[in-house]
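Next up: the structures, one after another.
The two complexes that follow have chain A in common; it is paired with chain B in the first and with chain C in the second.
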Partner chain A sequence: MQQYILRRLIGAVFVIFLTGTFMFFMLRLLPGDPAAASLGLDAGSISPEALEARNAELGLDQPAYQQYANWLWDTVRLDLGSPFSKRGVTVWYEIGRSLPYSIELSILIMIVGFSVAIPIGLLSAIYQDRWVDYVLRTLAILALAAPVFWTAAIATLAVLQWELFTIDVIAQPHFWEDPGAAFTWYLVPMFAGGFAGTAATMRLLRSQMLEVLRQDYVRTARAKGLRESLVITRHALRNALVPVLTVMGVTLATIIGSQVILENMFNIPGIGNKIISAFFGRDYPVVQALVLLIAVFVVVTNFVVDILYGIIDPRIRFS
Partner chain B sequence: MSERTYWQRMRRRQMSRRSLLSASARAGVGAAGLALVGCGDDDDDDAPAVTTTQQAQQQEQQAAQQAADVEQQQQQAAAQQQAQQQAMQQQAAQQQQAQQQAARQQAMVGEKRYGGSIIEQSANVYETWDPQRTVASPVLQVLARVQSKLLRFENPNSGELTSDLAESWETPDATTIVLHLDPGITWHNSGPGASNPAAAAGRAFTTEDVAWNINRQRNKTLADGTETGDFGRSAYWGGLDQIDQADGSVTLTLSEPDATYLQGLANEFNLFNQPELVSANEDRHTEIDPARVIGTGPFILTRWDPGEGISAVRNPDFFGLPELPHLDSYVWVQSFQDPNAYRIAFEQKQVDSMTDPDPNTILAIHDDRQDETYLTYQGVANTVAIFTPSNKPPWNDLRLTRAIDLAVNRRQLIQQLHNGFGKVSGPVSWMQDAWAIPQADLETIPGYRIDKDADVEEARALWNAAGGPELGQIDWVTSELWASRAAWSATPGIIAEMFNRAFDTDQFNGITKPYLEVIPSWLAHDFDPFFSWIPNIEIPDARADMIGAFTTGAGSNYWDISDPYIDETLLAAKQELDYETALQMVRRVQDYVMERGQFGRSICYNYIFPAIRFNYNHPQLSSPEEGWNFLDTSLQALEQWIDPDDPSIEGRNPPPPTPL
Partner chain C sequence: MNRSAGQITAPLGEPTALSRLAVGLRALGSFIRHKPLGSVGLFIVLLFCVLAVLADVIGRHDPDTIFEGSNPDYKADPTTLELARNPDIGSPVIVEQFLEPSGKHWFGTDKFGRDIYAQVVHGSRLSLIVGLGASVIAVVGGLIIGMLSAYYSGVVDLFIQRLIDMLQAIPFLILVFALTQITEASVLNMVLWLGIAGFAITTRLIRSAVLSVRESEFVTAAKVIGASDLRIMVRHVLPNVGAVLIITFSIGIGAYILAEASLSFLGAGAQGVPSWGKMVQAGRASLDLHPWLTVFAGAAITVIVLGFNLLGDALRDVLDPRLRGV
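Presenting the complex of A and B:
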């Protein structure tokens, strides 16, 4: 077990290192002038002296390998630097401000997603090849096929057209500050993200349930006179959820991906929103730090899921 | 204060129209009366006495004739009276119609009101709080509401000036400007900036403040004596030979005659800082903080948190009170990166206006909400141009330069890149309204003709004659910043294709380069063919731009143009105090330049952004559908207003500004 964890840890560090390095060099290959962008310019109305001074201030006048070495050393020391676009604050400050929004939205999307996916997966398996199954599977395929931005845009247009409720994209309240306003703000993105992100889970759960329902121990449970609801929840669902749990780790990465889009569409100042603005502003320290943060998050989540997987199913050995 | 606002002028015009109509009606009645009096006068004429039969017959005939004449005159008089009555009725109807129209307009626009808060989107990036060290317009959009200039534009299109810090001014000759400061101006006395221990809150604005601000930029030095190159207006202020102060007046003596200098005082970059506060903070000028900003303007900055929010509230001690400003506060919310968020914010009245790079979004929203919104069209001051390096081979062959200028399909580019929203510009941008060649004239000038085939045919002939096909591959540079925008990412290919098609070749290839490489190459007079934005227009008077670009040795003459006719005409125009004469001189140079392919400086167009606003939101506009060209921030700060009685305001719940 310890050896397994150690191996996985080394692998995780390597993945994070590769992701960071890849992002560092890719950013510098992209068109765009970070010094000009950091001055808020959209035209050539700047003197070369000012641009050069800005480049020196941002450390962009050094050769790429030197910049890379500096970045690597600073990152190891957990010094993420300052944003190009905002002097006087650190990237950590920006992360601290953005992360709570992203966590709120992630939790909501997962709650919506799994609370929809699990019952639908169950129902679809129980009523296999009946109209309920067909309808639910069609819905799942639709959810899989529809891009999250499309679902969110259509839902937004409906809200605006029929004036259903206020989506306050300016106040940006946290749940603990104004639960009502926060709920209506998050409502569309959480449903759009929830449907898109967990359709795969629903389909997996259905197939797992169908397999488990044909197992001998389920037949035995029925034969000994247990109620069907108990058979489903206590015997079938519990076993069917084991592989689903693994997929949840991957689903989480999907959710983070869709969050980048949703946070921008609804002006949620989370990590995804910050990445896009930093990316378009060629704010290298912010993009590098946030991509690294997401990489760490995805790697750690998958790592934890792998560990949990073995704990939930004792038949799995870490060898 | 008379004639200060558009509305006052409008009301005056309405009054004049009414007066004119009344006078016309009165004149009509008078004319009809005179006609009637004239007829009556004829009736009353006494006939001479006659004694003979012949005379009697003659008298009878004359009497009959007279009776017939009288009858005819009466008929004519009746007809005239009827015509006059009809004219009067028509005039009355016109008058009534004019009154109704005025009433409708009044009902639509409402009385100009005081109070309220405007909510707009802000930029996310501000590189400094010091207006004298910024190169970016977002900084000025905030600070032009907080700080003042010596003068400001009352009409940014024509360049008409009005008082700001200087209540009046004189230009005794082309090298002297005398500015008389308003004696009642004080620095902000409340808010974060005034609370800064280094600030001299509430102090009177003096001539020393003027001299300190100008000298700081002219000498490019900070308070501690350090020299710095980031004063973007140092060249402008460097044009001063001397600054004299006496009895609340400042006399600026120019080193050489320059009739355009006065307008420069109203440029948005020429805002005035408080010496005490700036001196104490200038080493941290890139760290944005409202406590480092103080001004004399109509609003006091209460929050400046880039990417999160900005607010400014009315200055209770502003020297323009009680007439101006109209608003209580400005609130700028964080910028929306996605049009979906911006659309939600606008449609749910969380912001009061909206623009979008894709005009279709704006038009679609307007289609849905025609009753409560209106559209305006705002030109973008960053001019789009093609630069051909005509100072070096092979482009120093005028035939090639002219061929390129002719081949540029300006209208096609506007269509492809800006959805048709834009207008072609000659050597002077159409946004410099008074100085630009009118669009109708441009349509007949080679390179700008509606019939592009004629341009292309001529271009191809010149290209072939000058050996263009033998030049091999030609890399045409588009700025990376331009190409990094999603909607314009295909531009390098579009430019290459445009020339390949025009010259029936495949020589042209589109590439991108950052401004960091492009601008130094311009300054070194060693640049590659280029397409993108070129530096902003600074003032409405186009003489400065033309001199900078086309005269021998001028700072922006990257093509080494040296033409005695241009030099002589433009330098004479610079010193010309008679506006009309100067306009004609510049027009002559424009025509001359265009006949020569613009010497490689092929100005293409200025594009236009449509903006949508709710009916309750009334910025200052140049016409009901057009915004000002540029440089209108100070004007908006004073004149923008909100109509609380407009039905469209229902459901609006603006976020409160950060209080003083």
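Presenting the complex of A and C:
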């Protein structure tokens, strides 16, 4: 077990290192001049001297291997540098600003996703191969098929047309600052994102339920005359939920960096939105740091879930 | 030909081989009976294939044509003041932008006076090319890497596994977005990058399929009689992972189409061709005034992805019941 944990840990660190290296060299392949972009100008409209000075200031005048070595050494010491596009702040400050928004949105999306997926998965397993099952599964696949930018746009239109509530995309409040405004701001994206992610969870729960409902202990529970509702909730659902809950952690980790489009549409200054705008502005340190941050999230949650799985279920042997 | 009812064409007692067509038709019939949802998916997919192939006929108009009509406010010699109020007043024709859906323009026109119905029909080409192309690349690449990785376990396998972990640690959309930024925004590059980003998932699925086949007795038997690695892979392993290949291929398509639409929506899509994602993006700002700009293109994305997902699910059930619900 200890050996397994150690090996997984080394693997996890290696994956994070690979991700950082990959992003570093991928960014250097991009067309466009980051020094000019950091000044908000085209490369042609700046004097060569000024461009050279800016390059030296950003450390871009050094050869690539030197830049890479610097980046690696800085990152190991958790020094993520400063954004090219902003003076006087560090990349850590940018992360601290955008991460809370992404976490808020992701948790809301997860709440919506799971509270829709669990009853739907349950019903569709109980009424397997009957019309309820077909309708619910089709709806889940439909929600998966509809692009979020389209459903979110139409939902926004409905809100505006019927004057249900106002959506303020300028103020950007956190929940702890102004719960009401934050809630109306997050409402459309959280439902659009939540519905889109329902299908995966629903399918997992459905197949788990179908398997559990065929187990001997469920037949025993029925045979001793237990009410069907109790059989379902107490005996079947509890066991079927275990794998569903274990994917929750991994789901949250992947959702955090994946809400690019919703963040973009609703002007939520989260991680995904930052990465895209930093890409367009060729702001290397910001892109590198944020992608690395997401990778760390994903790798660490995967690692923790795998280890926990082994502790919870002793039948899983590590090799 | 006057054939009476009940006449037996083949002599009794002699078994007749069914033609390939008949076998195929029977398989199709059984698929439609047992997988109604999958059949709906198949129908949708075929429909969009027809749209894409016959887009020039079905589309009614050219998607790039700018429609112009006579200007109702036209005045031959406008004064400077009138021109300042209405810059178009001096020209007898005017771009027919934002026309509502009508008999001439079934889905209306966009900001540049182009026919939206024609654009939606022609947009099916990009979606199908991107979806099918990216999935082919992902499956072929995944097959080669997955087989190598599974067959030569050890350091190579370990390294490939970590590379795949890396690809999966970056959110798919951000990964594709990053890759598309390297090259110019053409359809071919889009297909390539989407397929390469899809490697991670296909490689993993195919690798585990190959791993399970590798343990089977017929592979051991082949090894014992001295078959080469290449022969074992091509003659023994490959035919047994065929179902997984078809499933991986068909299930990926919808995801690639959605990713393409999302990239176009973000402004990183292929340039110069009608794209549903771009259309939704263009219409979003004036959704309340001209909903037809957004609604039809978004509906097209939804329906085609739904079709591929339904078909993929049904194929998975039919070809490999063990994978059900994965």
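The criterion applied here is as follows: the second predicted complex is superposed on the first by the 294 of 319 C-alpha atoms of A that agree within 3 Å, B and C clash if a C-alpha of one lies under 4 Å from a C-alpha of the other, contacts with A are read in each partner's own complex, and residues count from 1 in each chain.
Definition applied: a residue touches a chain if its C-beta (ideal position, glycine included) is under 8 Å from a C-beta of that chain, and two chains touch if they have at least 3 such contacts.
Quick caveat, the model's predicted, so the values are computed rather than measured.
K.L.:
Let me test your reading of the model: by the given contact rule, A:T138 touches which partner, first (chain B), second (chain C), both or neither?
P.N.:
In the superposed model, A:T138 contacts chain C only, not chain B.
K.L.:
Pick one for A:S85: touches chain B only (first), chain C only (second), both, or neither.
P.N.:
First partner only.
K.L.:
Let me test your reading of the model: by the given contact rule, A:N273 touches which partner, first (chain B), second (chain C), both or neither?
P.N.:
first
K.L.:
Quick one: classify A:A153 as touching chain B (first), chain C (second), both or neither.
P.N.:
In the superposed model, A:A153 contacts both chain B and chain C.
K.L.:
For A:S38, is the partner it touches chain B (first), chain C (second), both, or none of the two (neither)?
P.N.:
After superposition on chain A, A:S38 lies in contact with chain B alone.
K.L.:
Name the contact category of A:N264: first (chain B only), second (chain C only), both, or neither.
P.N.:
both
K.L.:
Considering only the touch criterion stated at the top, classify A:L29 as touching first (chain B), second (chain C), both, or neither.
P.N.:
second
K.L.:
Taking the superposition on A as described, I'd like to know which of chain B and chain C A:V169 touches: first, second, both or neither.
P.N.:
First partner only.
K.L.:
Once the two structures are fitted together, what part of chain A is touched by chain B and by chain C alike?
P.N.:
Comparing the two interfaces on chain A, one with chain B and one with chain C, the shared residues are 30-31, 153, 156, 160-161, 264-265, 276.
K.L.:
Contact residues on chain B for chain A in the complex?
P.N.:
Those in contact with chain A are residues 119, 123-127, 135-136, 138-139, 229-230, 232, 284, 286-289, 306-308, 333-334, 336-338, 340-341, 343-345, 347-348, 350-351, 368, 382, 479-481, 483-484, 512, 514-516, 518-520, 523, 532-536, 655.
K.L.:
Once bound in the complex, which stretches of chain A touch chain C?
P.N.:
Against chain C, the touching part of chain A is residues 11, 14-16, 18-19, 22-23, 26, 29-31, 134, 137-138, 141-142, 144-147, 149-151, 153-154, 156-157, 160-161, 203-204, 206-207, 210, 254, 257-258, 260-261, 264-265, 272, 275-276, 279, 287, 291, 294-295, 298-299.
K.L.:
Given the complex with chain B, which residues does chain A contribute to the contact?
P.N.:
Going through chain A, the ones touching chain B are 30-33, 35-55, 85-88, 152-153, 156, 160-161, 166-171, 264-267, 269, 273, 276-277, 280-281.
K.L.:
Which part of chain C faces chain A closely enough to touch in the complex?
P.N.:
Per the touch definition, chain C meets chain A at residues 36-37, 162-163, 165-166, 168-174, 177-179, 181-182, 254, 258, 261-262, 265-266, 277, 280-281, 284, 287-288, 291, 294-295, 298-299, 301-303, 305-306, 309-310, 313, 324-326.
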